[in-house]
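Heads up, the next two complexes both have chain A, just with different partners, chain B and then chain C.
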Partner chain A sequence: MDPIVYVALGAALAAGIAGAASAFGVGIAGAAAAGAIAEDEKNFKNALILEGLPMTQSIYGLITLFLILLSAGIIGSGFKFSANTTQNIVKSAILFGAGLTVGLTGLSAIPQGIIASSGIGAVAKNPKTFTQSIIFAAMAETMAIFGLVGALIMIATGVGL
Partner chain B sequence: MGVAAISGILDTTVALVFTYIAYKTGAYIHKYTPYSYPNARIKAMEAKLFDEQRFNELAESGNLENFVASLEDTAYREYLTALGGDLTPWNIERALDEALADTYLLMAKIMPGRVRGFFKLLADRWDVKNIANVVKARTAGEDPERYIVEAGSLFGRVQAMAEAKTPEEMLVALEGTQYAEPYQRYLLGEISLAEFETELYRRYCGTLKDYVSSRKGDERVILEEFMRLRVERVNVLTILRAKRSGIPPEVIERFILPGGKLKLEPLINAEDLGMALAELDSTEYGKVIWEVRETVEKDLAVIEPVLSRYILRRMRDMERFYPLSVATAVAYTLEKEEEVRKLKAIAKLIHDGVEPDRIKELVSEAELVEEV
Partner chain C sequence: MFKPVEMVKVNLLTLENYRDVLLTYLHEKGVVELREVSSGIDALEREVLDDVYRKASSYSISISRLADFLDRYRRRTKGGIKAVFFPREKSKKSYTYEGPQKLIEDVERFLAEAEPEIKELESRMGDLIAEIDRINVAIETLELLSNLDLDVHYMRSTRLLEITVGLVERQKFEPMVAELRQVTNDAVVATVRELEDRILTIVVVLKRDFDKVNPVLAKYSFEKIDIPEGRGTPAEVLEDYRRRLREKEEELKKAEEEAAELADRYYEDIVFYKELMENERDKGNALSMLRRTKFTLLLSGWVPKDELDEVIGGVKELTDGKVHVEVSEPSREEVEDVPIKLKNPKWLAPFEMITEMYGVPRYDEIDPTPIIAFTYSFFFGFMLTDFFYGLIVAIIAALLVMGHRKFQNGTYRFAYTLLWSSMFTMGMGILFGSYFGNAGDIVVRYLTGNPSFHFPRIADTLRDPIFVLELALAIGLAHLFTGYTIGFIVKLKNGDKKGAILDQLSWMLIILGVALLAVKMKTVGEGLFGVGIILFAVGEVVNNGGLAGLLIISDFFGFVGSWLSYARLMALALATSGIAMVVNILTQMVWGVSIGPIKLGILMGVIVFVGGQLFSTAINALGAFVHSLRLQYVEFFGTFYSGEGRQFKPFASRREVSEVRLNKEKLNGVAKSGSGSGSGSSVSVVVENGGA
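Right after this comes the complex of A and B.
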């Protein structure tokens, strides 16, 4: 494949997979929120906060998309790796890897949605469990943050911004 | 390494990784997503279950009018309002039973399609109760209408049975259902009324068992465990009561329900209640009844709440093990059954003029004595 394909795929996968995972995560938590609201409207505020947690992975994906496009020159000066050389292939593969890392770790939005969903149920039964539910759901965020940090290191050291 | 080789390795790796991840993610989503809405809703419903304080307040109602008025802010209101001023314990009991049947139907409505049928079948328990009650009322020369609850998929047929003028007409109303054959045998005098009722429950349990066996994965594990525990509880109680009454083993066997895994032969063939309890000690129920082991021989009633609490505990354990699963709904229905049973007991005790303090005492000690 040409370097442009790797770069484009890296950017697309970072935003695409993380975005899709966030959509699933929010969808799962949203269904739970609807269930909790169906029984008692007072659950709205707590459910809304928990439902929003899986959205962050899509933000990480978007940040990575911009960084990949910026470092490859697609945003700004023009595509830097147009020549089909080994060096350009390796650099574009690094950008692809960075995008893939964020995309795959962004899949944590799905289990996060499931945790948030259970948390919404727990809070609907006992509102005092709200903080704990937030913490449990936030744990899944760690993997996405690791992915983002890893991608930043890959881009900064392997290609340069 | 050449450009083509690097590209080849990358492409193959990406294809493999994506195939695996897509499969696992899809399976994960398929497994858990359908339980997201019902589980959160059920948890919110659990928050509305009555606590001891609420039962104590109801025990102090003084009369049935106040008792019903105290339930105005609950889901029972619409069922009790429909009674108008006709507040008798049996009418209240029927209204509460209808509320419970609707709880099962609500579960059937909100749960994923793959377990929906189980809750419909739980609501169909009233078919068995209604048919047995109509036949019993007819046998006793009473009006069957008073004993039927508006629930179950055969309610129309049950009404036709209640309105029938002859046993043959009642049989016609049951034609085409699995319950017609035992009724025919009862009419022919081949089985007694008690055996007829057991046969109805046997057939009902068989339907439930077939449904549960047709499920897959976690759902099957949870529902099988639930079925097993409910059936075993009924069988254990039947055997122990029979032993206390000195009923011979061959008669006891006629009243055993299918679906349990507990080996019942040693219990059935035990010489007396003490020996049967000794046999029970060597099973998983040994630990369960340990807390009442010393008193159970004098008062068999103490074992019922212990067994019921064990089923609820097992379902709560399963809920922790399978967080987004049918276990949440099953555990909730058990708690709802207990709530309804306690409410029925309070209504009956108020009607009988029992002092509030005694009602509180009886209700706090109360046990779940529901059929399968």
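Right after this comes the complex of A and C.
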């Protein structure tokens, strides 16, 4: 494959998978949030915050997309790996791997949405559980963070920014 | 700071006659957390819930029903955004308290005036709403029948004929009619109108055949329709019903208006008496904690040490010195029972909220509030890392702090922690040269014409993420080290030497070793690390015996996981500058757009920039809040903190809309004549004036 294919796929998978997973997560939590405000409109603020938690993975995906494009020079000076040399293929394959890492760990947005939706249910019954619910949901994000850190190391040391 | 308020256990012995006075005094004072009297003496009886308190409890329910009803219809002033930041204080009404009996009488007098009026309106409105519902059902039916050109009164049964109107599914219609003909020997008439998927059917049979017909109708799930009252074709009757609906709705609106007027008149008083009654009910509930003999009363509870003298002084004054007080420091066995009231200077106190959300420390633990006040705010700042984002958060937080200071409520405390966090955010923003991401650089470059200008910074988060990652992990190591050190000190102080060395010191050494290895001090580092690992392994064997082999591995990697978890500091910092950069790039893309001479791009650019940066502030501040909190709760508290203490919940009155002045003469008069208690006889026994 040409280097451009690796780079484009890496960027697309990072933002695409993570973004889609975030959408699922927010969707799951959002359905619970709608139920909670039907019970009592005062739940709106708490439900909204919990619903927003699975959104972060899409942000990590988007950032990775930008870093990949930046690293490959698509944003800025112009595509660096246009020549089909081994070195360019290796570098662009690393970018592909970085993007895939963030995309796949971004799937954690779905379970996070499930946790958040249960959290919304708990908060609707007892507002005091709000912080605890947030912490539970934040646990699921750790994997996405590890993915982002791994991808960054790949990009920064393997290719350079 | 670091230690919760010192508590002492107080036992009070006084005359039964003073019960109500004493309870009221302690309730208003709100500094004692009651405990059930444990004496082991058989002669002591439980206090009985007497009539006054039972009434209070039932009135508090009936008043709160009235309050709920009026609250639905009362006129509200719309405050808008100003009310969010600067809510008005609720006005307090004053009440002179002369004993529960008198209060109940006052409430009864008020209820006698207000309750019938409100109840009458409530039931009238209930009737109206039921009537409107009925009319609506009738209208729905009539709309169904509206294409029948037949007087509705022909659709009602007569003396000889049984007429049934209803709906049946299309495919069931034919067989149903066939079976009806069969059971009635053709003595049946069925008229039809076809609706979408069902058939409107009118079945007419002789009265004597009805018993045979009814099961057939049920068999084909024939859905009967009740024909509304009236004469004329359905369309005419419908007109009539619609007119009645309008009338009733008009009436209901008037009734709602009346309710609003009633609310103007009574609502304030109702919530006032509701609060008074609820406080009285709570006093009644506390009775079960007390013990009595025929003439004496025993009360027991925890009091903060610095409030002790005042409380005892007050009690002595109230009871004319006829009281015996016993004070004791908490014993070792009582450590888990001591209620915890955190004690921090005023500028730190709002951060107690964060500790309390997790759980307050046990009496022999350290209160981590002063530490997490700094680390929480710093982590928040690290993750948001932008001067202008910090400024936006700071402005909102400062307004909330100003507006809510007088309430000292949750909003105030949260806004105060946010204000601190925003200061750190601005500081970190300057350190990393981030002003709306790279917008600051772009603007200055444009203004000065210097294409390589950038604000001074220690590192660019986006260009040099590895440096930020190292920084985050170093901070994490320091944070964990602090936690283990605190745990070490606490365990040592509580005499748990084994735990201190094996569970805490081992990790401290491991962390020191890692830190020294990182700065290339190889030999010392390896040595400390090795000693730490050995202590840790010994600790696992001592604590878990046979399972140690597995747990050594899992706990060690648990530690590594906790440490790496601090990478989120970098990830969120990167997320902030990433989103800010995306917004800036989008703004630059639309900036140049113009239609002919009109520079539309500038307007679009401003909209994209303002909207995008505000969104970015909100989403990143949320992330920073959540993850900063998580680092405290999961990683930091995991190293030393149990949070198993019980929070101090004093026996205290709630005074949001009322304030009470105690009429001591009257109260004491009641106590002296002995009518306030169940014993009923006047008492002249003098108990020795005891002190602590």
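The definition used in the following text is that the second predicted complex is superposed on the first by the 161 of 161 C-alpha atoms of A that agree within 3 Å, B and C clash if a C-alpha of one lies under 4 Å from a C-alpha of the other, contacts with A are read in each partner's own complex, and residues count from 1 in each chain.
Everything below uses one rule, namely that a contact is a pair of C-beta atoms (placed from the backbone, for glycine too) under 8 Å apart; a residue touches a chain by one contact, two chains touch by 3 or more.
Keep in mind the model is a prediction, meaning the values are calculated, not measured.
In the superposition on chain A, A:I134 makes contact with chain C only, while chain B stays out of contact range. In the superposition on chain A, A:I153 contacts chain C only, with no contact to chain B.
When the two structures are aligned on the shared chain, A:A83 is found in touch with neither chain B nor chain C. In the superposition on chain A, A:N126 makes contact with chain B only, not with chain C. More residues of chain A are touched by B (comparison of chain B with chain C).
Judged by the document's definition of touching, no chain A residue lies at the interface with chain B and also at the interface with chain C. Touching chain A in their complex are the following residues of chain B: 2-3, 6-7, 10-11, 14, 17, 21, 25, 28-29, 32-33, 36-48, 110, 323-324, 328. Remark: chain C residues 357-358, 462-466, 469, 564-565, 567-568, 570-571, 574-575, 578-579, 581-582, 585, 619, 622-623, 626-627, 629-630, 633-634 touch chain A in the complex.
On the side of chain A, the complex with chain B involves touching residues 1, 6, 21, 24, 27-29, 31-36, 38-40, 43, 47, 84-86, 89-90, 93, 96, 100, 104, 107, 110-111, 113-114, 117-118, 120-122, 124-126. Chain A makes touch with chain C in their complex at residues 49, 52-53, 55-56, 59-60, 62-63, 66-67, 70, 75, 131-132, 134-135, 137-139, 141-142, 145-146, 148-149, 152-153, 156-157, 161.
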